[in-house]
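Contents: one structure, followed by commentary.
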Amino acid sequence: MTSTLSTIERASMMPYAASPTLEARDLCCRRGDRLLLTRLSFTLARGEILQITGANGVGKTTLLRVIASLMQPESGTLHWRGQLLEKVRSAYLRDLSYVGHADGVKGSLSVAENLTLASALHGGGIPINAALQRLGLGDLADTLTHRLSAGQRRRLALARLLVNQACLWLLDEPFTALDKPAIKTVASMLEEHAARGGLVIFTSHHSTDITISRALHLEDQREWNGD
Amino acid sequence: MQQLLAPKNFYLWSGRWLRPVAWATGLCTLTGLYWGLVVAPPDYQQGDSYRIMFVHVPSAWMSLFVYAVMAGAGAVALVWRIKVAEVVASASAPIGAAFTALALMTGSLWGKPMWGTWWVWDARLTSELLLLFLYLGYMALEQAIEDRRTATRAAAVLALVGAVDLPIIHYSVEWWHTLHQAPTVTRFGAPAIHGSMLAPLLVMALAFFGYYVSLLLVRARCELLERERTNPWVGEVCRGIP
Amino acid sequence: MERGLVHACAWIVKRDLLLLWRHRAEAANPVLFFFVIALIFPLSLGPEPQMLQSVGPGVIWIAALLATLLSLEAVFRSDLEDGSLEQLLLSPHPLTLLVMAKILSHWLTAGLPLLLLAPILGLQFGIAGYTLGVLLLTLILGTPALSLMGAIGVALTAGLRAAGILATLLLLPLYVPILIFATGATAAANRGLAWGPQLYMLGALLMLAITLAPLAAAAALRIRNS
């Protein structure tokens, strides 16, 4: 699946200049009535991959949505590059690429159109065709997305990571519905990203072959401290 | 102030003030009713039927005032995420809706002897009716969203939009009414009111205000306990009450 | 950055138009609805030309309002369901302007067709010439305001049970000034009176809506998505 790299691709393979860190301090999250996390603190530095595991309903997705700033934590703060997240929100969003539980692709648009839209909203990464090639969707560029299988749609969602230039990747169950070769591709994408100094946080209950630098196992209301 | 806005402190503080406010409200109500219904002279045109004004006018005032409180508390809740403000906004809505409904009903009762029909498309009555729908919309939206905090915050956006739109609605309805001048007797104007009627009216207004405050405190306290039920202070406070 | 923002907004409009084009049968529904609503008025009120001419502007405006409400429901619903909304919320561009782009595409697909069809309805109600011109002016100023304010309502209710009827309940009282000034202007023109002031008021309402509605709708989307 690897092909010869164009100059643009090579440019986007350059390591990130500034050293990004994400820090969570005393996060408490709530969903409805239930307190899901209490006093969660961790720091993620450049090149680190954090896997969040835990039983269903323990709050993995909620935590990821809080980190993505889609939800506000009940208490506690998040810091990006040493600054309070609310203060640097737009810069943070430029650094962030999020693949949620929902794929975020439009069924009535073609594969290429979906990806073009994603890069219009964010952009800065490798060209669309290259991203599609990497995820094995090259031949499907003009297919309407609702004709794709669940796994192919998932790959399209993950292709967004490549067309957008962002150093923090937040992925909610990225391997769901993927076949073995695709899992391997995505795993190598994550590792390459980390090798360039990027940060990855993903939730999964699959055991993967990725060299994870950090693991966070969520349990009901358990206190957890990184390091 | 900062201290008072903590849910626990608000709960304790409001508990101390609830009784005095309620007693004062009762006193104002009795004084105002006696003054308005017995002491005040009958109107030379409308006879005794004008006396419904002592209920109608304060409830119309309160219907607007409560909306302002609701929108203001909503804005505070949106910007500073203060829980007490959320609870105040949410607890105000049904009270305001009740005041609005009361103003409409008494207005219609007043209209029967004045205009000879239960309902005329008078500018003020029509704006009041639209205000009722703004309240009902607010409550419907808050009911429809599962998560209570999200519901209150979403409804606060609606209340703010309504607060911007309300003067425009009022003005447009007024304009619409002058355009389609219906054959109505003009409602007696506020400036012409005599002191012997104004004084009981103001006492009644105070009574309505007190009623709102006491009801708001009761509802807000209850709502606060429910929303904060996973918080340890609720347990402490509830065990502490003899 | 500026160019990126324009690019993003243009793509949102393009995407919504493309989506509508691929479901053009559905897209025609609000327009048909507009026609049918206006049609039932003569059937229930009687065909006297004089009366129809006097109620005509009001009928056309009510039909436009209901058709707009019907088409608004879809503005954020599918984006919410398939997760596209999350991507919009997480775009580094200002959400207010992205929402503005979505409102623009709604107006292009729902408001503009009504504007083009209104003359036909106008003729059926005996509104012609000068009055028809004023009616069209009120629709030009009024229907974008309907889309803008409507976006707040549907942002607040997207994804809820019975979202359509709830949004209607929230929005109708807020729409009252637009309706009053629009029909007022047309009625005044019909009677040969000055209609300028009402039109200015309508223009002022549109300006207010352009300034505040996207902000409120963006805030509503953030809250509803949390």
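For clarity, chains are labelled A, B and C in written order, and residue numbers in each chain start from 1.
Everything that follows uses one rule, which is that contacts are C-beta pairs under 8 Å (C-beta built on N, C-alpha and C of every residue); 3 or more make two chains touch, one makes a residue touch a chain.
Quantities reported herein were computed from a predicted structural model and do not represent experimental measurements.
S.K.: Applying the document's contact definition, name the chain pair with more C-beta pairs in contact, A-C or A-B.
M.R.: Greater number of contacting C-beta pairs: A-C.
S.K.: In terms of CA centroid distance, which chain is the most far removed from chain A?
M.R.: Farthest from chain A by mean C-alpha position: B.
S.K.: Per-chain Cα mean versus the mean over all protein Cα atoms: which chain has them closest together?
M.R.: C
S.K.: Centroid from C-alpha atoms only, then distance chain B to chain C, rounded to Å. What do you get?
M.R.: 32
S.K.: If you average the Cα atoms of chain A and of chain C to get two centres, how far apart are those centres in Å?
M.R.: Distance between chain centres: 37 Å.
S.K.: Round to the nearest whole Å and give the separation of the Cα centres of chain A and chain B.
M.R.: Taking the mean C-alpha position of each chain, the two centres sit 49 Å apart.
S.K.: Which chain A residues reach two or more other chains?
M.R.: 72
S.K.: Please set out, as single numbers or ranges, the residues of chain C touching at least two other chains.
M.R.: Residues 226 of chain C each touch two or more of the other chains.
S.K.: Which part of chain B faces chain A closely enough to touch in the complex?
M.R.: 81, 146-147, 229-230
S.K.: Using the touch rule from the top, collect the residues of chain B that touch chain C in their complex.
M.R.: Chain B reaches chain C through residues 78, 130, 133-134, 136-137, 140-141, 144-145, 150, 153-154, 157-158, 160-162, 164-165, 168-169, 171-173, 175-176, 179.
S.K.: Report the residues of chain A in contact with chain C in the complex, numbered from low to high.
M.R.: Chain A reaches chain C through residues 68-72, 90-91, 93-94, 96, 98, 100-109, 113, 116-118, 120-123, 160.
S.K.: Going by the contact rule at the top, pick out the chain C residues touching chain B in the complex.
M.R.: 149, 152, 156-157, 160-162, 166, 169-170, 172-174, 176-177, 180-181, 184, 187, 201, 205, 208, 212, 216, 219-220, 223-224, 226
S.K.: Would you pull the chain C residues touching chain A in the complex into a rising list?
M.R.: Residues in contact with chain A: 4, 7-8, 10-12, 15, 18-19, 22-23, 78, 81-84, 86-94, 98, 225-226.
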